[in-house]
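In this document, chain identifiers A, B, C and D correspond to the written order of the chains, with residue numbering beginning at 1 in each.
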Amino acid sequence: MGHSLQPKSWQRTLLGTATSLAIASGGILGFAGSASAQEDTFKVGLVTFLSGGASGPFGVPAAQAAETVIKAINEGTLPAPYNTKGINGLQLESVVIDEAGGPTKQVEEYRNLVQRQNVDAVIGYISSGDCLAVSPVAEELKTFTIAFDCGTPRLFPELESPKYFFRTGLDATADNVGAAHYLKETRPDITRVAGIQQNYAWGQDSWNDFQLSMKQLMPGAEFVDNQTPQIFQGSYGTEISALQTNRPEIIHSSMWGGDMEAFVAQANVRGLLDQATALLTTGESGFNRFKGQAPDGTILGGRGPFGAFMPDNDLSEWFSKAYEAQHGVPPSYPSSKMAQALLALKYAADNSGAEGKPSDEQLASTLKSATFESVSGTVRMALADGHQALQPMYYGEYYYSSETGPELRNIRSYSGACVSPPDGHDAQEWIKSGFPQADCN
Amino acid sequence: MLTIWAILIDGLIYASWLFLVAAGLTVIYGVMRILNMAHGSLYALGAYASASSIGWYYANGGDQLWIAFALLAGCAIVIGAIAGLIMERGVLRLMYGRDEVLMLIVTFALLLILEDLMKLAWGTTPYFAYQPYAALGRFNFGVLSVSGYQIMVIGVSVVVGAILWFWLERTRTGKILRSIIHDREVSEAMGVNVRRMFTMTFVIGAGLGAIAGGFTAPIISVVPGIGVEVIVVAFAVVVTGGLGSITGAAIGALIVGLARAASIHTMPQLELFIIYAVMASVLIFRPNGLFGQATARKI
Amino acid sequence: MTDILKTQGLSRYFGAVVAAEDINVTITDGEIVGVIGSNGAGKTTFINMVTGYLPPSSGIINFGGQPIGNLGPRKLMRRGLARSFQIPQLFLELSVLDNLAIALSAAEGRQLNMIRPVRTPERISAADDILEQMNITQYRNEMVTAMPQGARKLLDIAIAMLGDPKMLLLDEPTSGVSTDEKYNLMDTVMEVVRRRGLTVLFVEHDMEIIQRYVTRVLAFASGVVIKDGAVDEVLADAQVQELVTGKRHQPQTEQGDV
Amino acid sequence: MMHLQKSEVLLIVAALVLGLSSFISPDWLVFTSTLAIAAALVVMGVVMLMRAGLISFGQGLFYCMGGYAVGLGGRFLDVTDALALIGLGVLATVALAMVLGLLLTRYREIFFAMLTLAFSMILYGILVKSHGLGSTDGFGVVDWSILGYQPAQGHESSTALWLAIVLALAAALFLNRYFQSSLGLACEAIRENEVRVEYMGISRRQVLYINYVIAAALGSIGGSLTALTAGHVDPTMAYWTISGEFVFIALLGGTGHVAAPFIAAFIFILVRTYAVELFPNSWQLILGVVLLLIILFLPKGIWSLFTRKRRAEA
């Protein structure tokens, strides 16, 4: 213990030098970064979770899908109508950023992407909070931006007359309205319904929408319990007991990723899933991972026609094969959604009529109200004044055998006009007033 | 009545898990006065080690449950102890004598580093090692059921607690450690090799964190970030019980476990607050936690 | 001469342990009183009770004619009762001047001022005065960590004097100070004490210091005052020699040896 | 009567240079600078507590209150003036801090850290449960004006920067005096030796209480500025990892000087931004290593690089 705890002078000098160097090189990088992007490439910023609990099930599969699709776009190996090289002839270059850290940090990173790295467009955002925070900034900076996954119904109602911000997926309302329709069609006799949701906005919104829809569609059903464990809690023993004491027939859950898989495995072992059927609105991301852990008959959703719910067409067939060849597993819904957003970008660029690099205005006006082909079939940008995709919602039942692997049975689809509120309607009011103008045939 | 039984059982199950997670934290604090924020990362490390070894074993045709358990515990302990040794020898050793709170930040830095290292080693895809959990089945009580695995975790927790107690109260090393806890300077003056004791304590504490993770792995899906989630909970338990006290950790775990179970069964909306509410109210009445002792300044 | 400090039946128990019992002491203005006793005899407990650091289990303390039994150190300081410590209680990471400036601002009652610098010209000159009286001017701008033990003891006592106290309690002022230094230290302190006309109560192990600087001695053993009187009388007492100074047979052995 | 000290002149010059440079800086840098200044204000509060020997793992509580005051004031009270919104936050925060301070000044060390953390997490929990406020998603902040001046499109960033600079300069000038004042020194004295402080006739709780309330107010201003700049508030602001970040920055800078939090906040945000960009998969590792190196080689923070040079010259 004899020696001094104070750093020696040479150590201080060394660190002083190192600090100065670090600051200096930071400055140089800053200038290097602000040099304008090359003219023959189109630079897109990709923002998705690379750390934390959402990275495994969503962020990384999405980033991997982007890798696969961007490679194919640049090589021109996509099926028609996307079989041209690049986007509008430009090579696509990507910058990947971690979405972790909360909305304030994401606003900062978004500005860095646009203003320092000079990306031409941004695709990203799994978290609804990030979408809400970034969308006004995208409008302010006039940058073409596609939200590929976030599900909050508040996004467009809170964004006044959007011009540059798009969402190529459905919002969470559709998931839960669709879920209620599926129950009504396949299990008209159930009376006791319970829920378990992660304790944050997504879980609360999902349960609200689901409850309201059930009151409209199956007024006889009673809500016996709703558990709200914390996100990433991992262990649900107590919640499962509480659900068991309430004896539900259906357990609705909007939990996602590892939480959802862990809940299913634990509830299965505890026998809860013998007593009740689970309805998992994001269950598709576990489709290839449950193995025998989810009982046959568990109801899965995929947030639209994504992942295992992708319809058969050239694009989805190509995508499934290319993705599996490159990453070893079939694509789940976050992968499909990322692919769809990139295809939307390619569509908008190819059809912008621009010479060389399309401007943000050209991209935005081309994608607005457009109809394009995607891995999920034909996508119509028909909601939110042409800024959000209108797509059908799918649900199906999970069956597994160790010989043939997992499969979906009893799949039902509900048209976009059936599960999404028309423009100008608040989602919850729309459900409460009995789905006016919904077209469910 | 059903609910009361459920609260007791669930509370006990959760408490046993809390105790496993908190034991290493409180041992390290008691002896070294380091509140180890990287404890959660050691937990995650243990979970990854156990999940990947069990996954490997079953993927290669293994079907012996006891081998799976041996792998689970063995891999977790070994990797936790190695990580603990590297952390103590490589980093903490350079910092001894610094402020207690500065040490907290040092371990925070270790947490950040470990989180990314684990991501580099294991990727971000969730690991699932459900086989041991599924294999132990369940016990049914009417509509209620309890998983056999969770009962086993209660057992593990009791055994770990008993071993720790015996080690601290009945062995020579334990006596030395208690003398360090009581007065470090005096023990040092009496010829105790405090540094060696520190290394040993940290390795054991790290191993305990990893065991907690190892036994949790079959229940949950092991993903990046699980370590960060458990730290605050473990801290709350340890502070409630009184830092550095094994008995305190056990009682703190029971209180928090039962309070949480009661809230989930009766008022699920309050679950988010319950741990902090318990900690704050205990500290208001017992500023050093239930079994903590105030240290007076020598004048 | 009036009584400045008077205790009646003062006792303190820690569980079953008797730290001090039935202490009845009266000290008059201007006295310099020594407190002796072996370790654990209750001297520091007594000082801690008198200065409000430790509440008594029972008994009465009067200071300046007022009961002070339940006042803390802060209020007692304001009434003119100050103390120094066996282990100097200083702000180690602050400069000597700042240590004094804080004490001075507190003595003025301006410790909550948040705009004016603590180092006003008046406080600096007051600090320089006491540093000079205490013979530690050379450390004025050093951190306390840079001072030797003897200087720290002096600074500790200097701070105690800044509130302009009526009475000063010194807790083992020479412990940890080398034999060469201790008379110097005590001479310096007693000079200041005399100039200020303070009443002093001081705990000391060193009988030579006691004989040299005090007029009256309280001898503690097992929490009780076993003898209270003039220095020579108390030190000559057989019971004191046995229980406190440990010199009972010393005269004989000395003779035998020589 | 009050003549300017050298470091005050330097602070004013630095503020002017930073403000004027906003006319030529790229927009992202203006935005990042504003966030760094806002963070530095919160960190100043953390530094105040640290000087008194207390580490708060819950300064996010006040940061979040300042942010939500801006959000709620704009949304429900139709207040759009930035200064009024900030004032609203400070009022609410000071009121809360005056209540919490009564309890918290009794605690030290890890217990203080854990209790502040607990209170911050309770606010987080309440906000997560507040469905009307968007739960974890939070909500957007209304367009704001300042004393009747509505920044034109494209000038929001620089207006926010100027606002931040003015407020931060005022705070820095105050703190510079504060650190040298009786109260400021009394805080350090409490860190060093509480027994002596009490024997000097100083009430520790009074000193710590005032210090805590001022630190809370600074946290609130930082949160309000962040909300005005980023245009969005959400409960993450009260999550303990955010509070941990402030402690991180405080240690990075050190407690030696009021300028230290600003320098540290800039370095932290730049290091993080480049780490996120260059090593998207291992930026936490980089942050962790940087933190360890600082603690190992500069235990008193980056500011000690400056004081050492000065001492060597003297």
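In this section, a contact is a pair of C-beta atoms (placed from the backbone, for glycine too) under 8 Å apart; a residue touches a chain by one contact, two chains touch by 3 or more.
Small disclaimer: the values here were computed from a predicted structure and weren't measured.
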Set of chains whose contacts include both subunit C and subunit B: D
Selected pair, greater C-beta contact count between B-D and A-B: A-B
Whole-Å separation of chain centres (CA-atom averages), subunit A against subunit D: 34
Approximate Å spacing (C-alpha centroids) for the pair subunit B, subunit D: 33
Separation of mean Cα positions, subunit D and subunit C [Å, integer]: 44
Overlap residues in subunit B, where contacts from two or more other chains coincide: 98, 115-116, 119, 269, 272, 299
Contacts with two or more other chains, residues of subunit D listed in rising order: 128, 193, 195, 281, 283-284, 296, 299
Junction residues of subunit C - those touching two or more other chains: 53, 85, 89
Residue ranges of subunit D touching subunit B (in the complex, touch as defined): 55, 103, 106-107, 109-111, 113-115, 117-119, 121-122, 125, 128-129, 193-195, 240-241, 244, 247-248, 251, 281-285, 287-289, 291-292, 295-296, 299
Residue numbers on subunit D that touch subunit C, as the complex places them: 177-178, 180-186, 188-189, 191-193, 195-196, 198-203, 206-207, 210
Subunit A-touching residues of subunit B, taken from the complex the two chains share: 2-3, 6, 9-11, 13-14, 17, 97-98, 115-116, 119, 123-126, 128, 130, 133-134, 137-138, 140, 143-147, 149-150, 188, 195, 216, 219-226, 229, 260-261, 264-265, 268-269, 271-272
Footprint of subunit D on subunit A - complex, ascending: 7, 11-12, 14-16, 18-19, 22-23, 26, 29-30, 33-34, 50-51, 95-98, 102-104, 107-109, 111-112, 114-117, 128-129, 132-133, 136-137, 140, 152, 154, 158, 199-202, 204-205, 208
In the complex with subunit B, residue positions of subunit A that touch it: 1, 5, 50-53, 55-57, 59-60, 199, 225-230, 232-235, 237-239, 241-242, 244-245, 247, 257-259, 261-262, 265-266, 268-272, 275, 289, 293
